[in-house]
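Both complexes shown next keep chain A, but they swap its partner, so chain B is in the first and chain C is in the second.
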Partner chain A sequence: MIFGRFKIEPRLEPKLSWQIVSILLAVMMSAIVCAIMLNSAGVDVGKAFYLIFEGAFGTWKAVIKTLVKATPLILTGLAVTVAFRAKIWNIGAEGQLFAGAITSYWAYTMFQGAPSFILIVMVILSASIGGALYGGLAGYLKAKFSVNEVLSTVMLNYIIRYVLSFLLISGPWRDPSSFYQQSSRIIQAAKYPMLFGISRLHMGFAIALVLALVVYLFLTRTSLGYEIRSIGFNPKASRFKGINVDRTIIIVMMISGGIAGLAGAGELFGVHYRLKPDISHGFGFLGIIIAMLAALHPFGVILAATLFGGLVNGGIRLQVFTGIPTAMISSIQAIILLFFLTAAVLTRFEIRRVKANE
Partner chain B sequence: MSDLFQSTIVISILAATIRIATPLLLAALGELITERAGILNLGVEGGMLMSAFMGFYATYASDSLWIGLLAAMVTGALLNLIMVFMAATLKVEQVVTGLALNMLASGLSLYMYKLAFSDAKSKIPTISIFQNVEIPWLSQIPYLGEIFFTQKLLTYVAFILVPVVWFFLYRTKFGLEIRCLGENPKVIDTKGLSVTMRQYAALLLGGALIGMGGAFVTICSTVRFIPDITAGRGWLALVIVIAGNWRPMGLVIAALIFAFLDAFQLQVQGIGVQLPYQLLLALPYVVAILLMVFKRGTSEEPKRLSVPYFRGER
Partner chain C sequence: MEASIRTVNLTKKFHQVVANDAVSFDVLPGEIHCLLGENGAGKSTLAECLYGFYKPDKGQIFIDGKEVDISSPAEAIGYGIGMVHQHFVLVSSLSVLENIVVGTKSQGLLLDLRAAEKKIKSLCDYYNVELDLHAKVWQLPVGQQQWVEILKTLYVGAQILILDEPTAVLTPEESKMLFKILQLMTDDNMSVILISHKLNEVLQSDRVTILRKGKKVATVTTAESSKEELTSKMVGREINATLEKKPMKAGKHFLAIKNLKAKNDRGQEALKGFDLTVRTGEIVGIAGVAGNGQKELFETLIGVRKATEGEIYLNGVDIVNRDPKYIQKLGVAFIPEDRFAEGLVSDFTVEENLILGNHCDKKFKKNGFLNFKEILVFAKECINKFDIQTPSEKTLTRTLSGGNAQKVIVAREFAQNAQLTLANQPSRGLDVGVIEYMHQMLLKKRDEKGGILMASEDLEELFNIADTIVVMHDGQIMGSFPVAEADINTIGLLMAGHADQPGPSQQVDT
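So, the complex of A and B:
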C-alpha cells in the first residue's frame, strides 16, 4: 500500500520498538474498556483507577504484596514461554503447577524429620520433577501418538484437580480437624525462608528471578535452546536438519512443566502453608497471557507478571472500596491479550519512505 | 452393584445420556462447521459459558425462554465473530486467540453475574426452565419412549441438526465451499469468491450452534446460574470433533460416549456405590485422552486447519 511518499510493507523481523508500542496501545485500549465497564457499573472511573494503582504499587507494603502475587506468575509465564517458543501450546501450566504441589507435599511427608535445608531442597526438587513428569506426559502423547497438546493438557488440568480432591477428601492427606478440602498446616522447618526478614516475600521470588535468567541463557546460548526455536519456526525443516523433533518435544514439555511445578511448591510452602485446591487462581492460564505480552522473552515475563500481580491486588482493593467484583480484573486481563494480539499486527508491517526511483 | 441392572435404572441412565449429549453435540456441530472452514476455534468453552450466562440472564430479565435462547445464540455468534476477525482478517495465531476468548468469557460471565445480582445476595436468582416435550404416540412406546421421546425441545433439535449439517456440508454449494476453505482455499479465491466472507459466515453459523449448546446448560437444565457452569463441556466438544473424525455421524457417537460416562457417574453416585467419586468425575477426561491416542484410520482433519490464508501464496 502506498500513501503519498510512504509505503507500508510486510516486515520480516518484528522490531522491538514496535512491539513496545503495541503493548502500550493494548494497555491503553484495555484501560478505555475498563473505564467503560466501571462507568456502566456506576463507579467514579478516576477514583477506581487510583484505587487499583494504590492496591498494586501505592505503598512499599503493596509493592511487596504485588511481588508475592507475581512470583507464581513469573514461573508459569516462563513455563509457557519455553513451550510456546517451540510452538508447543502448553495450556497445562495450571495442571503442572498442581502436580508439582502434590509431589512436593509428598516429599514433605517423607522428609519431615530432615533438617530444614535438606527438607526444602527435597521439596523444590520433587516439585519440579512432578511438574516435569506431568508436562512430559503431554509431550510424550504428542510425540508418539500426535495427540494435540492443547487438548491433552486441558484434560490433564481437569484430571489433576480430581486427583487432588481425592487426596484431600478420601485420601490420607486430609486435615482431620478441618471441614475444608485441605491438608494440615506444614511444619515451620518446611516453610520457604523470607527474603527480607519479616516481609511476606518468600524465597520463591528469588527462584523465579534466577530461573528467568537461566531460561534466557538456555534459549539463547545452548544448542537445545536453538533447536527449540528452530522447531517453533519450522518443524519440517528441523527434521531435515537432523533434529530429533519428537525427543525435543518431550524435553520442552518436561522443562515447561518442571518450571510450572515450582510455582505450585512456592504457593504451598511460601504462601498458604497447606495443600489445598485454591493455591492457584488460574495462575497457569495467566501465564499464557503474560508470556504473550512479554513476546516470549524471559525478562519481559518478569515485567508482565509484576504488572498482573499488581492488577490482582489492585482489583482486591477496588472490590473492598467499591464492591466491583474482582472478576472484572480477569476480564480486563483477557481483553489486554486480545488488544495486544490485534496491535501486534502492526509489528508485521513497516512504514518506509518511497525513494525517488521506485 | 446389582441395583445398576434394574430396568428403571438402565432407562434413566440412557435417557440422561441423550439429555447430557445435547449441549456436547450442539457445540461439536458448531465447531465442526468452524473447523471445516479452516479455523481452529479453541474458544468453544468460552463461547458456551458466555452464552449460558446470557441465556440465563436474558430469560431472567425478560421472563421469556425464547428470548433467552436467542440471546445465547447471538452471544455465541458474537464471540465467534471476534474469533474470525482475529483469525481471518488479522491472521493472528488462532490458538492464542481462542484461549484469550475462554479467559474473557470466564471473567466476564462471573463479573456480569455478580454485578447484575449483587443486591440479591439473600435470594439466589432463579428462572423457570424449558419443560420436557413428549412426542405424541412415540413417547408411549415402552422403554424407548422414555429414553428418546420425552426430552427437551433442544435435544430433538440437536439430533435433527446432525443430518441437516451433513446435508449442508456435503450436498449444498455453500457447504462444499466451506469445506473447500479447510482443504484448499486458493480454489475459492481463484474463482473470484471471497475466502474471508465465507469464513465469517461459517463462524457465525457455528457460533450460533455453540450458543445453543450453552443455552441448554442453563435454560434447559437448571434454574440457577453458577460460575463456570459449563465445566469443560466446550473442551470435550473439541475432543468430540477429533474423535468423531470431523464427520457429523462420528460426532454423535463420540458425544454419546461422553454423555454416557457422565450419566453413569450421576446414577452411581445416586445409589451410593462405594467408589471414590473423583475417579468417576475424572473418567471423561481420561477417556478423552485415550480416544485421541487410539484414533485409527485416515484422518479427515482439514488440511488447512489453523493455517491462515494469504493471497498470492504458493
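So, the complex of A and C:
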C-alpha cells in the first residue's frame, strides 16, 4: 500500500523493541484520548486517572479485588488461547463457562453431604467435565460435519443461557425465598477456601495461575501440544504426516471448554455463592480480547487479565467518586482496549519512506 | 542496429536483498533473447521492471534509443511491451474474446465486440492458430490458454514480448508449436524475451543473458555457446553433467496399484483406473504434464484422499483407504508437490519440521514430554547429513529458500528408512546444485533396495535417473517403458493423450 511518499509493508520479523514501543504508544494514545473525553465531560483528568489507578492497584485491598476480578478472565483467556492456537475460533467460552457452572452446581447438589474437600473436588471436576462436553459438542460438529465453529459456539451460548433460565425460574434449582433468577445460597462447606486466609482471594485464583503454567507446558512440551500448534499453522501438512486433525479438533474444544467451565465454577463457588446469570459479565468474550492481547501466550494472559481486572476496578472507583455515567467508564475501557489491539497488529507492519525514483 | 529495449545499470532492491545489481543488457529487434539463471538470480525481477510492475532503484531503460520511465504495466503496454506470466491471469468463466478485450481502450460505453473479434481472428490466422474465440477459458487446454495470454499482448500492439517460463506447463508438442509462433514473430522484427531455466529451449534462442545472484554474468550468442558453458556460467562452477547411475538390480514387485480410481477436489474423476507396480531397487518415473491426476494419485497412496475403487498392495498388505499414520508406519515416505503448503509447517522451526509425523515416537519422548535433547541431536544430524543451509535448527522454516526447505523434507523422509519413497515433482523450482544432490540421494536409496515412485514434468530428469518411465494422462497409464527403450517423441505424444503408440506395456503382478 502506498500513501503519498510512504509505503506500508509487512514486517519480516517483529522486533521486540518495536513491540515495547508500540505498547507504550498505545498507553500514551489511549491516555490522550481518554483525557480529551473526560475533560469534555467536565471531569478533572488528573484526578480521574489517579482514581483509576487507586481502584486498580492503589491499596492492598484493591490489588486483591483486582486479582479476584482477573481470575475468571485468566481462565477464559486460557481457554480461548488453547483453541485459537489451533486456529479453532471458539467464541463459546461464555457458554462453556455457564455449562461448567451448571454441572458444578449439579455436583454440589449431589455431594452436599460429603466432607468439604470431597465436595469441592467434585465441584471442580464436574465443572471441567461440563465445560469440556459443551465445548466438545461444537468440536464434534466441526470435525464430523464441518460446521463453522464460530456459528455453532455462538448459538450454543444462547442455548445454555436459556437452559440456565429454565433451571433457575421454573426448574428444580430455583431459590424459593426470592424473586430473583438465582439458586439458593450454597452451604459453607462448598465455598472455595480463601488463599492464605486473605478474605476475598479465593482458591480460583490459584487454580488459574496453576492452569496457566499447565497450559504453557502442555502447548510447548507435549506431543499433543505440538499437534495442536501444527494444525493451527498448517492443517494440510499435518494431515499429510498422519496427524488426526478431526480427533485433535474435538480434543482441543474439550480442553478449551473445560478450562472455561472452571471459570464458571470459580465465580459460583468463590464469589457469588449462588448459581445465577450474573456470575459472568461477558467473561467468555473478554477472554477472547485478553487472549489476543496476550498474543496467545499463557503468561501474557495472566498479565492482560490482571491489567483488565484492574481497569474494571479502577472504573468502578472512578464512577463512585465522580458519578460519571457507566457508559463513559465502558468507553474508557473500550478505548484502551482498541489502542492495545491496534498496537498488537501494527507491530507486524512497518512504514518505509518511498525514495524519489522508486 | 538500435536495440528495441536496453537497460543500463538497472538495480532493484527489496529491503536488503539486491535482486538486480547494475544489470545492463539489450534486446535487438527480430531476436529471441533468453534470460537464464537459477532461482533468485533476478530474471523475473528484471522482467517485472521492464513491464513497469516494479520501479528500479537505479539505472535507465531505453526503448528504441529513447530513455523511458515505466511506472506501471499500462505504461509498459503503451511502449509496446507485453508480458505473459508463468501463472496465467485469465478469467476462466469468461470467453476468449472477452478476456482479450477486457481492460483495453478499444471499448466505449457499450460493448461492441465485433471489430475486436475480426482483429483477433486475423491475428490467429496470421499465426496459423485455430482458436474458438467464444469458448470459455476454462474449457481450453493449457497450451491454448497460453496463446490467449499472448493474443492479449498482440491485440494491444506489443512489439516486445516477455515470456516467463512459458513451457513449464506445456507438452513437448505444445512447446514446439510455441517456438514456431515465436519464430514468426521475430521474422516480423518483434523482440521476444524468454525467461527460462530449461537449457534445451535456451539453445533455441539467438542470444542468452546469464544472471547469477542479481548480477549479469555474460551475454552470449547462443550458436557460439554450449550447454556446458551456459550451465557453468549459471551456477558459477563446473557441473558434472552425467550422474553416476549403476545398473538396476530390481527385486520383487512390492507395490502394486490396481484399477485405482479417485475423485479430485471438484468431485470429478481424476484417477480413472490406474495400474502400476514398483519393484525393490527400482525407480519408476511418471511422465506427464501436472494436472493429469498425479496429485490425486499420490494423495490416495498415502491415505489422504479416498479411493472410490481399486486396490493398493504394499508387500501384499492392502493399504487402500487406510489412514496416513498407518501407511507411514508400514514404510512409506512422501515428498509432496507443494513444499510449503503440503510438506512443511512454515511457522515451525527446522527442528520441529524434522520430527513432523514422528513427534509421537518413543525416541523423542521422555516422561510423557517431548525430549528436546534427543530432538536437537536428531536435527543437527539431519542438517549436517543433508547440508541444509540454515542459521540454526531453531530458525523458522518459512525463511528458508525453496531448495533448503526441500532438503528439510527430504531429510525427514529419508530418516524414515522407508521401503517406498513417493515424490511428486521433487525438483520443481530448485537450483541445479540441489537437484543434483537430490538425484544422488534417490539413486542411493534405490541402490539400497528401496523403491521409488516419482512424478516429474521434466522429461530430462526422468531419463537421467528413472529405471522405468510410465506416461500418465487423464488419470491413466498410457504406456510404460524401460528407460533404455524409451523414446522421447513417443512419450511426448502419449503425454498429450494420443494412445496406441508402439512400445511394451507393463504387466501387473502382486
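Note that the second predicted complex is superposed on the first by the 300 of 358 C-alpha atoms of A that agree within 3 Å, B and C clash if a C-alpha of one lies under 4 Å from a C-alpha of the other, contacts with A are read in each partner's own complex, and residues count from 1 in each chain.
We adopt the following convention: a residue touches a chain if its C-beta (ideal position, glycine included) is under 8 Å from a C-beta of that chain, and two chains touch if they have at least 3 such contacts.
All figures in this text were calculated on a predicted structure; none of them were measured in a lab.
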| item | value |
| --- | --- |
| Which of chain B and chain C A:24 touches, first, second, both or neither | neither |
| Chain B versus chain C as contact partner of A:223, first or second or both or neither | second |
| First (chain B), second (chain C), both or neither touched by A:236 | second |
| Touching partner for A:342 - first (chain B), second (chain C), both, neither | first |
| Which superposed partner A:150 touches (first chain B, second chain C, both, neither) | first |
| Partner touching more residues of chain A, whether chain B or chain C | B |
| Sites on chain A touched by chain B in the complex | 37, 41, 89, 91, 141, 145, 147-148, 150-152, 154-156, 158-159, 162-163, 165-166, 169-170, 282, 285, 288-289, 292, 323-325, 327-335, 337-338, 341-342, 344-345 |
| In the complex with chain C, residue positions of chain A that touch it | 12, 217, 221-223, 226-227, 229-230, 233-234, 236-244, 355, 357-358 |
| Chain B - residues contacting chain A, complex | 42, 82, 86, 90-93, 95-97, 99-101, 103-104, 106-108, 110-111, 114-115, 118, 232, 235, 238-239, 242, 276, 278-279, 281-282, 285-286, 288-289, 292-293 |
| Chain C - residues contacting chain A, complex | 15, 55-58, 302, 304, 323-325, 328, 334, 336, 341-348, 352, 356-357, 359-360, 364-365, 368-370, 372 |
